[in-house]
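Shared chain: subunit A. Partners: subunit B in the first complex, subunit C in the second.
Presenting the complex of A and B:
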């Protein structure tokens, strides 16, 4: 039958993607879930039998809970600052009349073209106690000693904001490009000031882009490893850094798996709550 | 009701003026069309009246008070956009309520006014629909309703029918004009469709390159065009050139390359001067060949239902465009007598 044929064609078409997902996402995830219930092993990734000890360890030590909260807080701050910085940029890119727009566009994209390690290393050069910013400030006599810009949450937030900005700008830009400019004119002809037209018409219509950008940035921020590891050093650790520490430095694979899972669940919950709260109540055919 | 007085309005975007020293007064409750080819500055003029664009120089006054410094949202204007510009995230009712909310009208009155206007545009049952759930014609009427529900001083429409199919377009012409009369609102209507401008307006303003070429009642524009450009843009026209032989009163005897004609008006031309006469195709009739009068041969025939379109080659090769009722028809190649209604000849300036 025709539909049967079409269905098997569809299956064939999605098969490669499904295979990739299965091999590289589902199987490792299942593996991590299983591993998180294993006892630690001697000379092996994990021991025999199953246990809840890894989760008990996590929930009984407020150190880890605080770290989760700290990670979420960093994710929140980075998302907010990307939004505040990125929205005007996206607006300018989408609506600006400057002939330099292609240049601005490539400046926004530039961070994506340089490897993340190099970018983060660049920030250590800028933010360090002996870095460009502090030396300049002290050279001008603005400050006596170096400002604490590195090895703390502030430094991580600054660097992550820069690294993740394109992920906020691009979706918002394309959302704004999809808004008919005459809608603003229509709102104003009906008596709305620029500010009211922005709030009542443009902002709601740009919301899908804001939502996408925020989710992308938040998820990438709480799971980022390289930037927090380089900027935070040994003093400030995010969950992702702790997970890797557990896996690589101390070989606690089962405990590391449990940490990773908690981070995933908490992150996913935040995203779902956020998506629900900002859900669109109208549809465009 | 409001009178709009525009004087010496000029605007350029870099190279050359787009609107060039345009002066125009639109009376209380008058329906004026700006008619002109693409790029002649119609939209720019409308946007300056609306306050979306600042003029380089010149004055726009509503009822005698200069509005140049008044921002768009304070001008109390209803505007209908070519693409309707309905807010996609709001229902029909919310779209209509928007302008009323901006005016801080109480909710109960908002409801009654929306109901009344939606009734007027025959969309009373569509209040809870989103724009994407409406047809093009319905969206058009919502856009019109949204503009008039605020009871603005002036209604501006920018090619509001351009996206509709021919049948709907004709219906909407009558509809818009009817509503405009009932509300009695001063209206500026932008279009590049001459049939629309002629059928709807009290007065038509023909624009070329940012300047007004002619202003007048629809019949003035059509029957008494000021220039070749106006004659050619507003409907179809034969421009026949000849030399005045004798002048008498307003009229005169004109010799053409393919015959002569007694023209009741020849403008300021004197014997010996060249004149260009406009002759509408429907003022030309074809008859079976006779000894006297103009003679020609049918080159092509296009059947158009109510009218038949002929191109007729005259003795010297000049091609005359004729539109006749399909009661008698001539085959391409046939010899015909060509009769021009002299009363419909009109001398053209340059």
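Presenting the complex of A and C:
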């Protein structure tokens, strides 16, 4: 009796959070799936009854298919560049002996604390036709006209790599911090070159961090809205931008839901394939 | 030689990380009418323009209100859940953790769309600020939860036991033992929820009511049509406010933020 009473008292602790997540996360997500089968409405965001028309519209129009491929390609390029740029930095943060390490660490964290709109705006200032980079290059006489750095996939990739880099660096950093440094030293003393010790010892042990970072960056890249909207302008649109436009500007709620779900399923499939290929062990942090 | 090259490479990456932020702050002191480089002299005129712009001022007030409300609600709910997860969940601990981190793992744009439909479906719409605050609470919960869990895990259960054997009741033990010890985690989580709510865009953009634009939304709208350095001044003030909160967290409270 007494323990039963105690248990119900402790359940009160988790009840508010459980309620919030159930009502404002689980039910709304189920609702998106239902919405994607609704017909478009007349004078309302959606009509009554159910239909497959939204999915048919998506699969019969190569415009949307190309856009999904383009979005996935951007996600892939951003993930790869974050990995290549981020790994050395993660290593330096985990193993470096510099006195400036706390400063470096806060530089990596800093972008996370500046709003995404502001960071993307910073990139428009840097990449625009009249931006810092083009002005400087033209001033030096390197190029005659401005290089096309904005309103294209390149600009979106550059800005997204910047925005998402911390999500790659931090998991890899904590993975490397968990590796005993004497393992590398042992490999070296057994005659392994630096390159071999890196490839055969450090890299396999850091794999969980690389996997977590890659998945985070990829998912965030293909679902990003602000950066592609500001850098891509009206010319280059990623899937998330098209989805939000369909919802906000043209009120095509059912079709927008179908688009969002297709992108989610395709994105999740990529993540699962990646996890399988790299033999990921799912573990909760 | 190799390590020199390596350090140089890392320094370039750090410059890359700071570049857009630096450029925005530098541009805000531009005296000219447009964002040009090099700047046409130094001036604070765009800050004056910003502070006299009622639209932006209202957006800042909205942002601060939403962030404060979000931080309060999120902190209470998230702290309770963290105490449950660490002290009472038993074998369910991992399940509770995954569930609490779920909002972080789901794409924000999808959560925003889901909530938008839901609020319409239940007839609440987005006429008031409530929808936006609920959305912010959902996405900030994981951060409060993680921060409080981290400080609870370094909290020795023997202290609680000792207090109990000395005759302290449940409430007294919570008030006098647990709360003071996990206070850094709770305050850190609250401030973090505040920053995230203050800076977040997508969820606010989809859930905003009429006349409840937050600062990031107003800035985004402005940037789609305008190119004056006023946006840079707005951004710089926003960055300064965030830095102020972080300095409070790190220096005054001596905490480390748990973002992951």
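Before moving on, here are some points about what is shown:
Going forward, the second predicted complex is superposed on the first by the 260 of 285 C-alpha atoms of A that agree within 3 Å, B and C clash if a C-alpha of one lies under 4 Å from a C-alpha of the other, contacts with A are read in each partner's own complex, and residues count from 1 in each chain.
Note that a contact is a pair of C-beta atoms (placed from the backbone, for glycine too) under 8 Å apart; a residue touches a chain by one contact, two chains touch by 3 or more.
A quick note: this is a predicted structure, and the numbers were derived from the prediction, not measured.
Contacts of A:112 after superposition: subunit C is touched, whereas subunit B is not reached.
Once the two complexes are laid over each other on the shared chain, residue contacts for A:92 go to subunit C alone; subunit B is not touched.
In the superposed model, A:62 makes contact with neither subunit B nor subunit C. Comparing subunit C and subunit B on the residues of subunit A they touch gives the larger count to C. With both structures placed on the common chain, the touch criterion links A:124 to subunit C but leaves subunit B unconnected. Overlap of the subunit B and subunit C interfaces on subunit A: residues 284-285.
Of all residues in subunit A, those touching subunit B in their complex are 180, 182-183, 185-193, 196, 200-201, 204-205, 280, 282-285. Residues 47, 50-52, 71-79, 81, 83, 85-90, 98-99, 102-103, 130, 132-133, 146-147, 150, 156 of subunit B are the ones that touch subunit A when the two sit in their complex. The part of subunit C that touches subunit A in the complex is made up of residues 6-7, 9-10, 13-14, 16-24, 27, 35-38, 76-78, 80-81, 83-85, 87-89, 94, 96-103, 105-111, 113-118, 120-121, 134-135, 137-138, 141, 145, 195, 198-202, 205-206, 215-216, 219-220, 223-224, 231-232, 235, 238-239, 242-243, 246, 257, 259-260. Residues 10-14, 16-18, 20-21, 24-25, 27-29, 31-32, 35, 45, 85-86, 88-89, 92, 98, 104, 107-119, 121-126, 130-132, 135-136, 159, 162, 165, 170-171, 174, 219-220, 223-226, 229-230, 240, 243-244, 247-248, 253, 256-257, 260, 264, 284-285 of subunit A are the ones touching subunit C in the complex.
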